[in-house]
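Letters are used for the chains, namely A, B and C, taken in the order the chains are written, and counting of residues starts over at 1 for each.
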Amino acid sequence: MTVALEMSDVTKEFDGVRALDGAWFRAEHGRVHALLGENGAGKSSLMNVVCGLYAPDRGSIAVDGSPVRIDGPAHARALGIGMVHQHFKLVRPFTVAENVAMANRLGGRWTDELALVAETIERYCGELGFDLDPQARIDSISVAERQRVEIVKVLMSGTRILILDEPTAVLTDDEADRLLAVIRGLAERGTAVVLITHKLREVHDFADRVTIMRAGRTVADEDPKALSDERMTELMVGSAPRSAAAARSGGGRVRLAIEELAAARDDGVAALAGVSLAVGEGEIYGVAGVGGNGQTELAEVLMGVRSALGGRVALDGEDRTSAHPGERRRGGLGTVPADRYLYGLTADLSVAENFGLTGLAAGRYGTWWVASGRMRGDTEAAIDAFEIQCHGPASRSRLLSGGNAQKLVLARELSGGGGILVAHSPTRGLDVRACAAVQSQLLEARGRGAAVLLISEDLDEVLDLSDRIGVLNRGRIVGEFERPANRHEVGRLMVGHA
Amino acid sequence: MIEFLANWLAFTPVFAVPLLLATLGLIVNERAGVINLGAEGMMLCGALAGVACYIEFGESTAVGMTAAAFAGLLIAFLFAFVVVVLRADQVVTGITIVFFGAGLTGLIGLRWNDTAIAGFRKLDLGFLSEIPFFGKVVFAQDAMVYLTIPIAFGVWYFLFRTRAGLNLRAVGENPQAADAAGIAVDAYRFCAVAAGGVLCGMAGGYLALAAAKIWVNEMTHGRGWIAIALVIFARWMPGRAVLGALLFGGIEALIPRIFAAGWPVPQYFLQMTPFLATLAVLVWVGVAGKRRSAAPGALGLPYVREDRW
Amino acid sequence: MPDRAAAAPGRTFRARRFGRLNLEVRQSIGRFKHAAFIAFGLGVGLAISVAILLAAGVEAANIFDEFVVLTFFDRLGLSSVLIECSPLILVGLSAAVAFRVNFWNIGIEGQFFWGAIGATVIAIFDVGPPSIRIGLMLVFAIVGGFLWIVPPAIFKIRFGVNEVISTLLLNYVAYQFVLNQIYGAWQDPRDRFPHSEAFDAAERLPLLGWEKVHLGLLISLVAVALVWWLMQRSRFGVYMRFVGANPHMALASGIPVAMTIFLAVGLSGALSGAAGFVMGAAQEHRLTGTMAAGYGFSGIMIAFLARNNPAAVLVVAFLIGGLYAAGQSVKVFYSLPQALVSLIQAIVVMCVAASDFLVRYRVHWLRGDGR
């Protein structure tokens, strides 16, 4: 086995925040290397250095044994390095062939070249067992297909070092297994594959070697067979608390009722096709499902930022289907959105303003003058109660880490006291500690009698926290389970074509 | 009536060409993701340079148009440096370019103010120009009118039938993806702005040398803004830009015809029509096209490779 | 695997010889550093402006005298600065209020005209008793400016029509309407010049008793105080900040987003209308076709340099008033066109906008291979 990639002592700071701190990494041709670590550990940053997007502050890189200074993505490509990013680098209004052609020059007249690219895509698809239409527009194909486009695009550049950033995060279990088999095949033919992941199962099943990162440093480089799950977790997160699994809690009177709710995406495609569910007092209702089955639209319709095309939403029996978000909030609703800096926070305004805004809108801090002293006081109390690390209420919320930003949102949404909470992927992108803190806050809220609708693509989270589970598939609740739910049964409904 | 129609249609291209040139330039700009609100300023600089060089260097329209293009290019370099390299706010900078252009031309244009020139002459294509009605409308225009047709085709061909055009559109739709594919985002944007500046400069030069045949301060009189609106109307497609330019050129050409016909229409209300028509078109596009916008995905957003937000 | 040689021919990469700039996005910046960078931009802008003045024939020795000493440290000079800055403060506030909710009101001149038209209607038709006529003129001016911005505001909120273009187009429409009036029905019967008849004494803003400084200055200062309270201390001000910075979050948090935009934009129009009133009732004493010239861009520029802060608007408008006043005297003594003022403003704005580069990014030089 020859060494394909060797990185040592790589350091990278983003405006004083050290994302990589003397990290090192080694990959060999013909092997699958897992790069394991939790969110924010520096995995993606390290690989972005390799593919030329980030210029490291310090450190050395050698490709195929010779030291290089990678000067941009074009250089990385020329060195045979290709990366499939977690957020795909595809131009949505372009066709598959155009996207692939953008990154690969086959020469000749442009129209001929495009035809040649399309032909080549089909040849690669044949080899890899993919099914892609080169003339399809990116925004008309599924997430899994987009990922295949990325893989073909990267391989066509003559990639000898293939990096995949959390490739299975957007796939169903079935699709993931197929993809990993393809990757295995590529490795057998001599490619060095780097698989960025935080799933231990993938490491055990597919990797020949695992490198573990924590807080910007490389903490281990081992044969995965020599490491137990417990040991890997410990290396990943240090010693961390796990949120205690909650006992079943009975639902009281219904507080949030959804009947036959229908809604469409921005482009007019139907996203919700009649969702019905009810959440009672002191209950967490978990909505499980593979991403893209209507979760975002469900959360947005409930927040009041997307209009329902049919059906009914009632809070405490009052119809609020087409109410302004302010009215919903007065009706007792709090929302924790998935995209914190879209619907949850405004990065350039202060922590106190972000915390106080909903109260302000509800008139709690004065009608005309803003009672800014009281607002600051309440913010300070919330900072203490939720252990939010920040430089005081006046600091900009942009400076909060992901976990602290989410705690701020949660603190605000629970402070209204309405007792109905819609939480969409509340722990997405958080490290283990913050994740546990957020989950225990949800459980505590339930303990205080809140009705919580938890929409999450993380099945473990749904199974851990929910009293009842509904499976969302193609815009419908296709099955409901009482706690304890059978993981296999839930998973089957998530991917089924029922 | 026929004569009125013939006169009107014969004058339409003279007004349509500057709108079309500017709109094409702005389409190239915006397809690369740069919104250029400074078109008016670039056109003014082109107009002054065109007239000044026409007067000073042997009354040649070719020299005038070249100078106009060059003036547009220089202003575009300034704009591109500030918004592409320094990544300043495109809206503020664009508006500033308008007043920069107006101020600069107002200051150095004094010498050439109000000097009437011969400018572009209508071509005489022999018997073709003699054909009744059609001869006057189609075969008796000036050289630039005929030259604009291949320019429009060229812009379309470049954007949709070449690799560089694909790259440019990729840069405007999704610079992250373009960068990862090894496309030099900044270079494409810089060149797109420069090309847009050349076309806007030519639009101004033609306006002065063919339509107005004179230089006066702020003579573009809002045409740069109409061109910006036409880009939206054209859904960023050169073909539809031709239609839009003809439509608005037609409206502009109608105004002097109506005066000439001596109809009792209030002059100043008539002068409002291009602006009101533009507004109407914008509202129409807004009402009709709300569901799917054709605007480039990264329009107006500066790109920074290491931006993690 | 399909053979790679055929798929990826001639892959050569030429390394950069000299290197390139790499930008690091700053998450925050110290106050002092921030101020220093903006001051740097301002300094570069002023230096270029001075160079232009020199090139235009103003003598080097006189620049400081004309633009500083005789403008700000001379009784007559200072009084004309105060006169010039009254409408500037109002248009600056107008732009600041609209920009705060992310609405680019480029149509200040149109609203300014409609303010002046509103005041003129009251004045030339002698509406109401003379004792309250000046007040009535102000009210009509405010209504005129407000009404002129209502269509673009609704088009933006309802149909997503780009307000930069719509407000700007309406400037030309307003201008043509003014021409229609001053060349037509309202033409001054006395001298037949294209402007309205002069306002009577009761239709002019009274002087404050110091040179020719008039009540317009006080109106502007009161407006600053009110807008400052509204933007910095009131509940509506917080709404405006959130709507401007993140309308999605504002909506999800229960803020009436559309109404906030509409009211802020309406206030912007009203302030521009008030500026038209001050110009008409205190400086021109009539409706003219040139009275709004330059105020649109100056308003934008003042709000931009003041970072939409009403208190800072006061300071910047005062300095721009100095530029206007000095521009007037340079115009007389060196026969330089008014365009000079426009040019200098544009250069300063561009330099300050460009200096944001240093505020936003930390710049590194990545070495090339230099072979």
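Simple rule for what comes next: a contact is a pair of C-beta atoms (placed from the backbone, for glycine too) under 8 Å apart; a residue touches a chain by one contact, two chains touch by 3 or more.
What you are looking at is a predicted structure, and each value in this text was computed from that prediction instead of being measured.
Trainee: Pick one for the touching-chains graph, please: line, ring, star, complete, other.
Mentor: Basically all the chains touch each other, so complete.
Trainee: Which pair wins on C-beta contacts, A-B or A-C?
Mentor: Contact tally favours A-C.
Trainee: With centres defined as the mean C-alpha position, give me the chain B-chain C separation in Å.
Mentor: Here chain B and chain C have centroids separated by 26 Å.
Trainee: Just how far, in Å, is the C-alpha centre of chain C from the one of chain A?
Mentor: For chain A versus chain C, the centre distance works out to 43 Å.
Trainee: Can you list every residue of chain B that touches 2 or more other chains, as numbers and ranges?
Mentor: 305-306, 308-309
Trainee: At least two other chains touched by the same residue of chain C: list those residues.
Mentor: 22, 24-25
Trainee: Please list all residues of chain A that touch 2 or more other chains.
Mentor: Each of 14, 55, 74, 77, 341, 347 in chain A touches at least two other chains.
Trainee: With touch defined as at the start, can you tell me which chain B residues reach chain C in the complex?
Mentor: Its residues touching chain C are 37, 78, 82, 86-89, 91-93, 95-100, 102-107, 110, 217, 221-222, 225-226, 228-229, 232, 266-269, 271-272, 275-276, 278-279, 282-283, 285-287, 290, 304-309.
Trainee: Would you tell me which residues of chain C are touching chain A in their complex?
Mentor: Per the touch definition, chain C meets chain A at residues 1-2, 4, 7-13, 15-16, 20, 22, 24-28, 233-239, 241-242, 245-246, 248-256, 362, 364, 366, 368-369.
Trainee: Quick one: which bits of chain B touch chain A in the complex? Just the residue numbers, please.
Mentor: Its residues touching chain A are 161-163, 166-167, 169-170, 173-174, 176-183, 291-292, 297, 305-306, 308-309.
Trainee: Flag every residue of chain A that touches chain B in the complex, lowest number first.
Mentor: Its residues touching chain B are 14, 51, 53-55, 72-74, 77, 83, 85, 87-94, 98-99, 101-103, 105, 110-111, 113, 153, 267-268, 341, 347.
Trainee: Per the contact definition, I'd like the list of chain A residues that touch chain C in the complex.
Mentor: Result: residues 13-17, 55, 69, 71, 74-75, 77-79, 104, 106-107, 120, 123-124, 127, 155-158, 186, 189, 303-305, 324-330, 335, 337, 341-349, 353, 357-358, 360-362, 365-370, 396, 398-399 of chain A touch chain C.
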